[in-house]
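Attaching a single structure in structure tokens format; questions to follow.
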Amino acid sequence: MGVTSSLDASGVDVGIDFGPIRLKNPLLTASGCFAYGQQFAGFMDLRELGGLSTKGISPAPRFGNPLPRIYETASGMLNSIGLENVGTQVFLEEKLPFLDALDISVWVNFFGTDFESYVECARTLGEGKDRGVSALEMNISCPNIKKGGIEFGTVPEVAHRLTKACVEATDVPIVVKLTPNVGDIVAMAQAVHEAGAAGISLINTITGMAIDVRKRRPRLATTYGGLSGPAIKPVALRMVHQVHAALPELPICGMGGIYSGEDALEFLMAGASCVQVGTANFAEPPAALRVLAELKTLLAELGFARAEDAVGSLESIPAEPPYKAEGAQ
Amino acid sequence: MHEQFPVQVSANEALTGGYFRLTLDAGTPVATAHTRPGQFVMLRGAWGRDLLNGRAFSVLEVLDDRRFSVLAKVFGRGTGLMKAMEPGDSMTCLGPLGNGFPVVDTSVTSLLVAGGVGLPPLHLYAREAAREGAAPAVEMIYGGRTRDDLVLTDELDAWQVAQTLTTEDGSRGVEGRVTVPLLDRLERASANGETVRILSCGPTPMLRAVRALALDRGVEAHLCLEEQMACGYGVCLGCAVPVHGPRPYAYCCTDGPVFPAQEVRWA
Amino acid sequence: MGVTSSLDASGVDVGIDFGPIRLKNPLLTASGCFAYGQQFAGFMDLRELGGLSTKGISPAPRFGNPLPRIYETASGMLNSIGLENVGTQVFLEEKLPFLDALDISVWVNFFGTDFESYVECARTLGEGKDRGVSALEMNISCPNIKKGGIEFGTVPEVAHRLTKACVEATDVPIVVKLTPNVGDIVAMAQAVHEAGAAGISLINTITGMAIDVRKRRPRLATTYGGLSGPAIKPVALRMVHQVHAALPELPICGMGGIYSGEDALEFLMAGASCVQVGTANFAEPPAALRVLAELKTLLAELGFARAEDAVGSLESIPAEPPYKAEGAQ
Amino acid sequence: MHEQFPVQVSANEALTGGYFRLTLDAGTPVATAHTRPGQFVMLRGAWGRDLLNGRAFSVLEVLDDRRFSVLAKVFGRGTGLMKAMEPGDSMTCLGPLGNGFPVVDTSVTSLLVAGGVGLPPLHLYAREAAREGAAPAVEMIYGGRTRDDLVLTDELDAWQVAQTLTTEDGSRGVEGRVTVPLLDRLERASANGETVRILSCGPTPMLRAVRALALDRGVEAHLCLEEQMACGYGVCLGCAVPVHGPRPYAYCCTDGPVFPAQEVRWA
């Protein structure tokens, strides 16, 4: 079951079952924040990760958006990379073998430009099943592509139909990555759950904007971009908690501003079975392994024998003693 | 194996014009020892989470196998915090990153065209040339708005590297921008049948002007570009540079920051 | 036209017409972050403000939520105050006279617990018209009250009906304050616009959550709370820009993380006619006046003769020269 | 007129147990000169926007009309940054805020029950009593986990204020918590027919225990509470304290932080 045992010095069993997917620990790296993994091999032992999610793959290769593409905001950053990627073919041939050799859970993040290309993409990538692909993470929330897109991630019925078609197109479990740019995240989660998703990833970036007042121009060439980092953590946690409360049997991979083991544990307690580290990788390439080490220490300190025990372990605040308005006017 | 390593500020020297030179010490031999001129480091202090990512700085000096320096000016909050740093303060450093300028070549004259915080790569280049006994093969053309914007010029004199200084207000050297003496120099070279090439780093408007001049006259030129960077090592894809060629964008951090002038897709 | 002229040393004319409401400058303070104003009299000359929005008023007085009610997050804070307020009666009798005397634009923020009480509240507060009330800011986005609420702020038809009824109940202009917790902010803006709203306020807080992992408990007694502060600024700006682009004739009062004149100008350029300063007041009671001073300086520096000229003045980033894939494979 | 004013760190003294005493100087006469024991200030450094709001600290000492000090311990990031502050560093200060303890009254014996960072209001109270020649009317009962947690005890000796110290590990004073000597003292008072009252500040579990004891025995008690505060001056309504009375909540910053024990609605 992998190079690193899920039981280690901390004494905490960090192995996790994410629906049908076995993870040796709950720490993954997030799509678009880890490329295809190779760049990180120089910084860390990738085999210690629970898994990783690749840059989003589409059927054909895509070039990215005009620049500027990124901008830092208070405790966050905006990006509008444009889902640049090598396409399914090059991915399977040139990128997957490296990932396969790592013996960790490889989630291939993917998207299409329309209904058919989503399904085609799922089918093609599903062929990687025996070559190391353990899940397909379907990104139905593409703030940065123009065509189609928006309805897939915001209208429950559309998301249901798309998910169902992709689930039927492949044997590999489909994890649907939802956008937070909706009014009712539970409705979205329920729709894809009922369509056969093995789990969901929550959250993608929140659409945002910044302006350079001196140039009277947006900071990003595409005007809007996706906000990530610590700034969005409270929103991400809330959505994970909402979905877990409504659909306790649906596995959730939580993310959004995770920079420490304590952040990760907040997500587990809210109901996530595993987490992804995204933006944190930029400033600190081996951030995910530091987060994992901190998480283990913290679980041990708090008396959790298994990481699984922490999942959804949140209790509510005890009620105050009743108020009697004796002297009330 | 790339490295991210802790460094300590060993000196923070205020220069004229708001510039400062920050000397950093890793305490142990690190990869910056082998920095090529134009390569950069991503630096970050213990700043809390409102400043998320590292900031990119070209290496100015490689002092020994564990110490190096950068030259900076206050731009926003990150550089503001750096200016206030004191010896003993700690940072993390990732680097050296990217690709530097082409190596010193004594068969051509390299015109080093620098402006503002674009000095470091060319300063390091001049130093390298001087060390290799190739000082005559490089000439610096270095400009600023006013005399206070020109820093560390003594060092070039000491290395006997020829330098032409320009200021927009004429307070030191030639009055005008770097393109004034550069144009002269290119005409002279062309009159002499001398082979020259341009290595340049500085504000984008300056680089655009230098590029236009070079393309116009068919002179080989290499530009060290600045783009917004989140990671510095090729994963965020934030630092796109529009280029001509097989792909519409190259990446400043991994494909650059030094690019041949004709590759850059600028108007 | 008020104590302070809209033209001052900076030479910039900062007077603004917000639909039917004349403001001597675009700086207001935000609801729930300025109480009923009195506390600030000790810190600043309130008459220099463009206006203020009161703590949200309901027909009957309300007590707040159990504690803890607030928690700081990265560049933001969560609150779950519970819309505690003195009720319309006490407000009109005890709080309004102080505000009336200031001769600034007083926006009375209000809400109801159901359809009828919204309308009743609008009618009662509208009676303050000749006693200093210049607008009613209708909060249809109450993350912290349990009953009803949610649909008013998230379903365009419901918001339309509610707005229409309130507009008809009073002569005072109604400004509708929208929640960002929706998928389509433009649809919400359009609904209330068509129902007769004089303008909209954007944005209220984003629902979020934080967890104390050591206690295994939420940081707020109500589990969820509203996220405010610099963390949400990119989201707020994006929504202002979206609405302004779609409905340029609808006046927008922008807010969310404004701490400086530059922040305020970003909102104006995105399309807001005026702005509110909320969370910033807590750390610095006279924050709004500092922001105003900075805004004036910046407008002058950038060559704006009138603040109005800055509204919606954003330009887009020039296109890159075309790419020709000469050598493309 | 309330005031928010800039202050400079004039001293930052490390004490035992991780405590530190930060002395702040406004450079000009400010309202803190008239601080009542129990009143607090909201302090904030030049920290960027990831630490949004001020942090509340009880005033420990009023040194003159422009200087005062606070006693703190590292709790999170704000107090961490404060511990690292050096003379000359600047902060902004809002205060003094809230209401202090009842004034010194020589007709009763005031038992000052302090724990941890709850010392400052009672230390200031003891000083005030001593200054007014009322030292015999106050007695300090001050507890910590271990001897290092007990700071500034010499000063009380100097003022001739009686003090009973407790440590949980028995390393100094009475072994156990403050409630041990407090209970003894209440029994003695009741045996003697002596009128005593309790003024207490410290960690919430300690205050709960003190309150239970006081309510049990019908002894007048005043508790100085800590609640999460965003503003400190009555506008955010974040610092609610559950109380009995006409309204279910009072506000720690404006109604308190000192509350009569029987008003507090705790289990």
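Residue numbering begins at 1 within each chain, and the chains themselves are lettered A, B, C and D in the order written.
Assume contacts are C-beta pairs under 8 Å (C-beta built on N, C-alpha and C of every residue); 3 or more make two chains touch, one makes a residue touch a chain.
Because the structure is predicted, anything quoted here is derived from the model rather than measured.
Common neighbours of chain C and chain D, by the contact definition above: A, B. A centroid comparison over C-alpha atoms places B as the chain most distant from chain C.
In this assembly, the C-alpha centroid of chain A lies 38 Å from the C-alpha centroid of chain B. Each chain gets one centre point, the mean of its Cα atoms, and the points for chain A and chain C are 32 Å apart. Once the centre of each chain is set as its mean CA position, chain A and chain D turn out to be 46 Å apart. Chain geometry summary: the mean Cα position of chain B and that of chain D are 55 Å apart. Counting only residues that touch two or more partner chains, chain C has 66-68, 74-76, 229-230, 320. Within chain B, contacts with two or more other chains are made by residues 49-51, 242, 247-248. Chain-to-chain contact here is organised exhaustively, every possible pair of chains being in touch. Put simply, chain C touches chain B in their complex at residues 74-75, 230, 320-321, 323-329.
Residue ranges on chain C touching chain A, taken from their complex, read 66-68, 73-76, 78, 154, 181-184, 206-211, 213-214, 216-218, 220-221, 223-224, 227, 229-235, 237-238, 241, 257, 262, 265-266, 269-270, 298, 302, 313-317, 319-320. Of all residues in chain D, those touching chain C in their complex are 1-4, 42, 44, 49-54, 92, 94, 227-231, 233-242, 247-249. The touching residues of chain D, counted against chain A in their complex, run 49-50, 242, 244-248, 265-267. Residues 32-35, 39-40, 42-43, 63-72, 74-77, 79, 81, 84, 229-230, 259, 279, 281-286 of chain A are the ones that touch chain B when the two sit in their complex.
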